[in-house]
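For clarity, chains are labelled A, B and C in written order, and residue numbers in each chain start from 1.
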């Protein structure tokens, strides 16, 4: 398809603007005045509509395709959540920050406060900040809180410990806050090696970052022991909430020794992923970390009204301009309100059931490096298929031709040619059975006709793309005007 | 005649009159896939044996390159800035990355010769 | 097992699945979790229907003040959003997809984000842009960290005209790193250029400025860019994208990294989010950019296509050595920005900026005609300006709020000594009548 810029015709007018009901002002001084208009397209409204409608049709999405992208919790996004968020679109965030302004923003502040309370209950934490804008942003905020805690206690800390199966964001977030990383290998039983962990711990460790269940989809039964070891060194336990969907109502990280947690609202609480974002990554903490939470804090007063607290001397400051990705939080709040206690418990139960069902139906066809009951996702290896020269990527591309968004492949890094499947609770048995049949076909094709898998996909607008050329040429902006 | 040695991290080094020419082995280049970028060291940088010399990227991987010997970087292969693919085409020849003026010639004792490296590679399979 | 709205499996299907797995109950699947680790509480309200939910949300939204006339900005701006923006960005294929890791079935998102990167480059006058960051404040913090990497230095000079919220975000991001941040107090709503230049030294990685600044003042950054470059430092400019329809691009003024908040481009106020942050730079620094980048390439048949590129910079490959920890970005908001720009168009965007400037100038002269009110800005402004009132601005703003006029952002909380000052924002949405009404109300309140 042509780029929108390639459809531009000089002089074609765009959307009509509000009337100029005031006199024209004098020009800006020469050094400030733009010398030529920015090279935006000149297209009609219909051109815009056709172009982006047709572009959208070149995407797979949850609403059009089964999308079992492991670690991303691609569940169905209820439509009423959009309607709910739309109700809040006219409200300016600065209103609440004006003198007496809280009074004029009680609905927004009340929603944020209630959301924080619910998240605290779900995760077993004492207080929550909704400011972080995505999961990784929550991680960074959480590690900053931990750094502030240690600084206040006079602790000299240098390291953050992560298992080798961790999301790349964990070490990256810790490094952004200035920590060095200690990586602990995974044991044959599928969790961080307890003995090696014990050896790695020392008094200079600030935090241990864990995903639980981990990226192999396995729940670590030693989590309390790990927390005890960490706490003995006054290292705090950080819970990466990416996989929270598996344990809603079953386990609360705060109950089992975690001190800080971020929640990915766009994963667990059903808000749309938007082609890469926006997410939202509220952070929950135990009481010892509350003084360090970012500002402003939303507090409920004795008269049940909500107010902002901006005078918090120990606070780490701000991690974003205002209150976080508010519109995303409205959707998550609405999701929780609608499902309620029982509905949320059912989410984790059905998510775990679906994942185990897929695992049971595919384990004769694909290597299962850690063969045990999984939680919300299962991780296979294309090891069997590798013997025929077929890689995880080839299986993925075959699935595209059959109308399925591929699972996450090549992650976690500790599994050779990993295929990580997360069906989520919103998929029916019928959908999964059809997917299972296609996965089995892919396994058969790998033996009989590996070449067919190497050339897939053939049904998309483009076939496999030359990523080397893209990286070497770095053409990231259409410069032809 | 230059002497050639190898590291466990798959760097090669050719030493002639105290100057060490350094690159990555064909095995390493193959493992990385299409090289898209070589972050060359600065001329004048001093390096210690087995510490990071520079870095290399392919489409899906990023790796540090460790210096096989200690010394001072005297020259870098600027051709790689525009054509990183030379590393794939001729890893152990035109794909060299830096020259290092060695500070301790005895360090080669910690390296492998061709036969030992070949044996090491067989062990990885 | 029938309460949940979105769990489709029937009791029969669940029984079949349990039998296939070889367990007797769903609870058995949670057996790997030891009993002593189970949740001690899960005290949440009962669920409700979609209908009841919507009523509850309406009631909640209704607890906000309705029909506020906004003369406030402070980083978030009340602009028009053409109807096509909601409709097209709301296409489920964009809305419910995720990161385009599989390019063949994600060309929609990938091409759109390539077009977005192009729009950002063309607006800012830069060569390369990424596929979005979280917001304008975190984008400035990322740009600061990028400048520290590029220059291998550890000192930043930040102008006090940068939004106080954004400055706090930058300080928070860098608090645990060995970085010195020198802040230059503004003078009469503008940069204290002499103090800023004096603060530059050979350890300075970058000068961070905002244009127009928090007071609304515009600055020709050319001389500042030259001075920074002479010391080997970068110039990082945070800009308000709508202003770029009228104001010289930061690229043309010599900026090395340009960032900003994209809310004003087609994203609703929505109580402060989501919007998107943008970041653009020159080609030589592309490998130091944080976040995702889309690149053009070809497929096996030579057809044009788009992919995530230079991923070796990112956290999923480089982990602790990545240029940033960012993973999820604000793609959908960036898409809204792109559709906004495409539907407004080249001439329309210039006119839109002009309209903002015209209305703000009208408001400025109207309000400055009130007895005792003066304009603080010494230089030109775009669509925000700062007034000095004859009395405490906090009181005036609180008074006007009662009639649902958000008259401006008073500066007492952010700039000591400016207790009587008020930053007023006028977008294209404000009519002449609303401006005149503001003048009347303000006059009454003084």
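Keep in mind that, in the parts below, a residue touches a chain if its C-beta (ideal position, glycine included) is under 8 Å from a C-beta of that chain, and two chains touch if they have at least 3 such contacts.
All values reported here derive from a predicted model rather than from experimental measurement.
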* Structure fact -> Comparing each chain's Cα average against the average over all protein Cα atoms, the nearest is chain A
* To do: Give the chain pair, either B-C or A-C, that is connected by more C-beta contacts.
  => A-C
* Asked: Centre to centre, by mean C-alpha position, how many angstrom separate chain A and chain B?
  -> 38
* Structure fact -> In whole angstrom, the CA-centroid distance of chain A from chain C equals 19
* Interchain centroid distance [CA atoms averaged], chain B/chain C, Å -> 44
* Asked: Residue numbers in chain A touching 2 or more other chains?
  -> 467, 471
* Going through chain B residue by residue, note those that touch at least 2 other chains and give them in order. => 36-37, 57, 59-60
* Asked: Touching two or more other chains, which residues of chain C qualify?
  -> 310, 312, 317-318, 321
* Taking the complex as given, what residues does chain B use to touch chain C? -> 36-37, 57-62
* **Residue numbers on chain C that touch chain B, as the complex places them** => 287, 310-313, 317-318, 321
* **Contacting residues of chain A [partner chain B, same complex]** => 410, 467-468, 471-472
